[in-house]
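All chains are identified by letter, namely A, B, C and D, in their written order; residue positions are counted from 1 within each chain.
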Amino acid sequence: MIRAAIALLAVLAALPLFGLPEYFLHLGIATMLSAVACTGWAMMGRFGLVSFGHGAFIGIAAYTMALLWNYAGLTPWIGLPAGVALGMAAAALLAYPCFRLRVVGHYFALVTLAAGEIVRILIVALRNITGGSLGMTPRLSPDNALAAMQLGKHGFWWLAVLVWAFALLTWWWIDRSMSARALTAISEDEDAAASIGIRVTREKMMITLISAGFAALGGALGAQYRLYLNPESLAGIGISLQIVFGALAGGMYSMLGPTVGAAFTIALEETLRVSFGTAFIGAAPLVYGVLLVLFILFLPRGIVGWFERRR
Amino acid sequence: MDPFLLEAIVNGILLGGVFALPVLGLNLVFGVVDVVWLCYAELVMVGMYCVWFLHTQAGWPLSLAFAACLPVVAMLGLLLHLLVVKPLLGSPPITQVLATGGVLFILQGGAMLTFGTDFRSLGVEMPPMEVGEIFVSGTKLVAFVAALVSAAGLWAFLKFTYVGTAIRAIARDREVMPLMGVDPQRIYLVASAVGGGLAGLAACLLVVQLDVHPFIGLSFGPITFMICVMGGLGNMLGGFLAAFLMGVIISTGGFWWNTEMSYVVAFVFFIVVMFARPRGLFAR
Amino acid sequence: MEGATLSLEGIRAGYGDFQALFDVGLKVSPGEAVGVVGPNGAGKTTLLRVISGMLRPKAGTARFGSTDIAATPAHMLPGIGIAHVPENRRLFPHLTVEENLKVGAYIPAARRRYAEREAYVFDMFPRLKERRHQLAGTMSGGEQQMCAIGRALMSSPRILLLDEPSAGLAPLVVAQVFALVQRIRAEGLTVLIVEQNVAQVLRVVDRAYVLDAGHVVAEGSSAALASDPKIRSAFLGGH
Amino acid sequence: MLMNRRTVMAGAAALAAGRASAQGSGAPIRIGLLHDLSGPFAGAGSVPLFQGAEIAIELFNERGGVDGRLVQAVSADSQSRAEVAINEAERLIGQERVDVVIGVYSSAHAVPLAQRMQAAGKILWINSAIATAVLKGKNFTTIFRPTVHSDQYGEGSVMFLSEHCERTTRIAPGNFKLGIIYEDGPYGVGVATALEANANRVGMPIALKEGYSATAPDLSTLVTKLRRERPDAILQVGYNPDITLFLRQAKSGGLRTRMVIGHGAGYSQIDRLTETFGREIDHFCNVDPAATQMLSPERLTPQARELQQILLDRFRARTRSNDPPTHASMGFNNTWVFLEHVLKPAVRQGGGSVEAMRTAALAVDIPVGGTIQGYGVKFRPPGDEMAGQNERSIAVVMQFENAKSIVRWPTPIAAGPPVMPLPASSPFALR
């Protein structure tokens, strides 16, 4: 198992050396970073904590990182962790009262949705600092690209592989911890879990922070890779739902599910758009929607979940 | 009182009228079937296209186009239930929500394929009314009254018919319903059709105020969900009142601060309400 | 509406892997009042759930008159005359008393006779008439039990299934409830009643079955059972 | 192999035209066309922008391309989403191997695309995205924008008002109050910022400046605030659904003023506005590069005049449009400038390399009147603050009259003085 994992990582890390075309390299990086966000989301999603607001944490992390770089010259190598920490702090600020006051289920989902929209609108409204809806670009530093984390495709590929492996490792570690069992119990019956001594709020907070942290990490790295930040694609409903779709399509109950889902949704979107091209406007989202519904109807536990069940 | 502030408040209440019907429909479906239709605003969009097409392209009189819109969208609600929601009734809520999210893409894509991406306008208007220094849009006022009348009609249906009473009962206890001879599946169908019909009704009221395009749902979809939750999911009266509250908050927030930030004010208010009243502002 | 015989043979039923009933047989003739007694967890509630279609048996036959209960959707059973007052009453607390009764009269045959049935129920339970506009959830336990029975009676049933009507009620109220049961059966309605309160129930029924751990361990007339020393020692406190 | 249907069709159609094969030599020249064909921007002008570009390529090929080498368009849909635009750009340069991408409707897409294309050493030819910030201070060398930029919109409407307000309304520019409302996207913000800067420069007071989201379902509060502030002119920057909503709510909200000026996008779709408001929008003004039909042919060079007629005929035949939107002219005109004045010489002299195209672009020198939109073309050189911007682009102020637009500013090319203030027949006129 561990050997297979290392072999897989080695193959992934070696791929760019064999002259993978740039466009596929680009999609690969986008996929892995989006897989990090999806995996992060599923870490809490699989315990019944459904958030529609992970965009909020991504937006906070990405903008913190880029603003620190542009205005204070702080390297993203520090700015990124700082941004992710701030994103997690925002998650704590939002989640703690939710858990204490028992805002659950659809109510929790909608509260997080509102939080995502607030962050998006604030980024737009604070346009003097953030560039508003025009977006912002991190200041280029061609002489000092490494320090500025402006790595180009190969560098980012390896960074993405690393971060992705870290996300999976964390998942694996959670699965083996007591917390996984506690959270399963909580997701089944919160009161019963509390009555057998599980510290409900604490466990939920922990998984929420980890989840928000990975989403923020994946999203902010994506912004750094593209060297472009935009409120629409980093905060708000659009990105939040995109993450959920990916996690769900792949299967949020298995470790590789969100990754497969991210790869699947990106591949599907690209293929549909490119193959329908500009001939039938609207056909791509239509087919995407149909496939999504069919997937949920016939593979309710996602692609990976389906394979696991058959085995 | 500042007449302009008063006007902003009146406008907020009228805006609440815009939100009220979708909120009622969404709440009805949620209360009965226990599923959130993420594509609800897109059903409204289809209804708006339906009215636009029948009136401006097929040349039907407006009243007839309105009358046709209701059954069409109601039918769509039924189909949505039968094809997507029903097979997922036992699944986790997130799966159900996401499946209806898939339908959202289908409806948007379908609208683009059928009608293109242009903005379509009905071109119907009514003269404004002037009361003192306050101006009130005639169109909005009529839409507002229509929303109130429809809400009252819905209330009467739920209050005075057997099916309506069963709908209110099922929201609390679905397992016991067969003991009364009620087939929950049939009630789900009725609720889905009525929920769809309300989307159709909302479409009729919106199409005279807003241009229709495939993405119009994005304009009022998210806020509709929030209002629904704020009033208490499944709580019709709560949702109805919350619609007006939210309308006034957006309107006066825009008046005192600015139009952009008014939504931040509204969303922050929503979150605070959720913390204070986790089951909705008007939960019993 | 004429009577029909309820007959169960070899019923096995349970939840998932857990089996609650083992080869249970039972028969209730028209006009009879029959009790099912037994300790907590004996499968009494499961038995009623099988009869009213809320639970499908895994084996055995269940018939009411000419209808195969196991082959009929649950919501069709009130139409053939089965009314079930479930455990814990399960009223709609946010609806008024009158609205609860209205839901009870949902089936088409009952809707046509709504006024007549409502008058009958209000005659039997004058308290309900006084409180017809009150929310059901705000009434006392005894009143709620009356409302639940009234709701079941709205559909003009041929057999009334009562699940623990005395549960959670004060002794005085329990006596009232059983007096009502007696009145209902005196009017000729078939009654099947499940109870832990064995002493009380044996006073109002003709016959009873004793259920223990999913098996019928004894049956007979209420007088015979009441004097059976084994039953007495097991359920009646042994004096 | 990823193959675009439209590519195949365009190529086949051009071959069928048959003129090329006789002269022809060499592989087709592949050019990326990137527009928002779905999503909210599609209906806001991106589609006619694309159609204009397609007509230009079609015409160019009919005329034999570059000495027989045809241009093959590889079209892509950026779906009104920035990250899709980035993906498509990656695909166009990586998979489709194009050296040039033409189009780009939204400035929010132009920002990352410009950076990416510059880094990849490819040409980005921006036909529409107007925010000044896209180019300002960026020192790009392979990014060119033949069209106007947002500062010019601001200059256009403020200069127009300050020239005419005293004579027509007896209010000196120093007392002529402006109400500026704008959608909060890059286009609205860019133009609004320029409006404010220009108003400050000429000393015009600003009574209200407020942004709103283009998807807002209600703007009546904005109407109320404008009514309170009583601006003498309302300057709006918006797309279609929001300006229609605003005008509708302004009318029913009793908002009255002396002049309403729009700034392209929604206001450039006069057909659409007329469909909704009929003659109620008569005498509103709009600042934009001129749609070609607004310019009297005698002001154009003979070549431009000929192109003008071809575009109008073909666009009308394609879309049954009465008054082709400005974006159709922009798409055609700017694409044509590239094909005829950059691509042709670059292929003839430099083998069509990126460097040759860059050199050719910097050498373009088209006088005023030389393009179908009236402006000339001369790009700011590298090192300039606005490197890559066409310094001869002009935004004109035009006035609606009976579903037609008439140029009112700059005065030298105007077809007469404006009708101002709004006449009593307008439901928006002061009483």
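Convention: contacts are C-beta pairs under 8 Å (C-beta built on N, C-alpha and C of every residue); 3 or more make two chains touch, one makes a residue touch a chain.
Going by UniProt, the chains are A, B = Branched-chain amino acid ABC transporter permease; C = ABC transporter ATP-binding protein.
Everything numeric here is computed off the predicted structure, so don't read it as measured data.
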item	value
Shared chain contacts [chain A and chain B, defined touch]	D
Innermost chain by mean C-alpha position	B
Taking each chain's C-alpha mean as its centre, the one farthest from chain B	C
Where chain A and chain D are represented by their mean Cα positions, the distance between them in whole Å	37
Inter-centroid spacing, chain D versus chain C (mean Cα positions, whole Å)	78
Between chain C and chain A, distance of the C-alpha-averaged centres to the nearest whole Å	55
Multi-chain contact residues (two or more partners), chain A	121, 124-125, 281-282, 284-285
Touching two or more other chains - residues of chain D	37-38, 42, 184, 211, 213
Chains that touch, pairwise	A-B, A-D, B-C, B-D
Complex contact set, residues of chain D against chain A	2, 4-7, 9, 37-38, 42, 50, 75-77, 79, 81-84, 86-88, 90-91, 93-95, 107-108, 111-112, 115-116, 131, 133, 184-186, 189-190, 211, 213
Complex contact set, residues of chain A against chain B	45, 48, 50, 94, 97-98, 101-107, 109-111, 113-115, 117-118, 121-122, 124-125, 237, 241, 244-245, 248, 280-293, 296-297, 300
Residues of chain C touching chain B in the complex	52-54, 73-79, 83-84, 86, 90, 92-95, 99-100, 102-107, 110-111, 151-152, 155
Interfacial residue positions of chain A with respect to chain D in the complex	21-24, 26-27, 30, 121, 124-125, 127, 131-135, 137, 140, 226-228, 230, 232-233, 238, 270, 273-279, 281-282, 284-285
Chain A partner contacts - residues on chain B that touch it in the complex	30, 36, 84, 87-88, 91-95, 97-99, 101-114, 116-117, 214, 222, 225-226, 229, 233, 260-261, 263-264, 267-268, 270-271, 274-275, 278-280
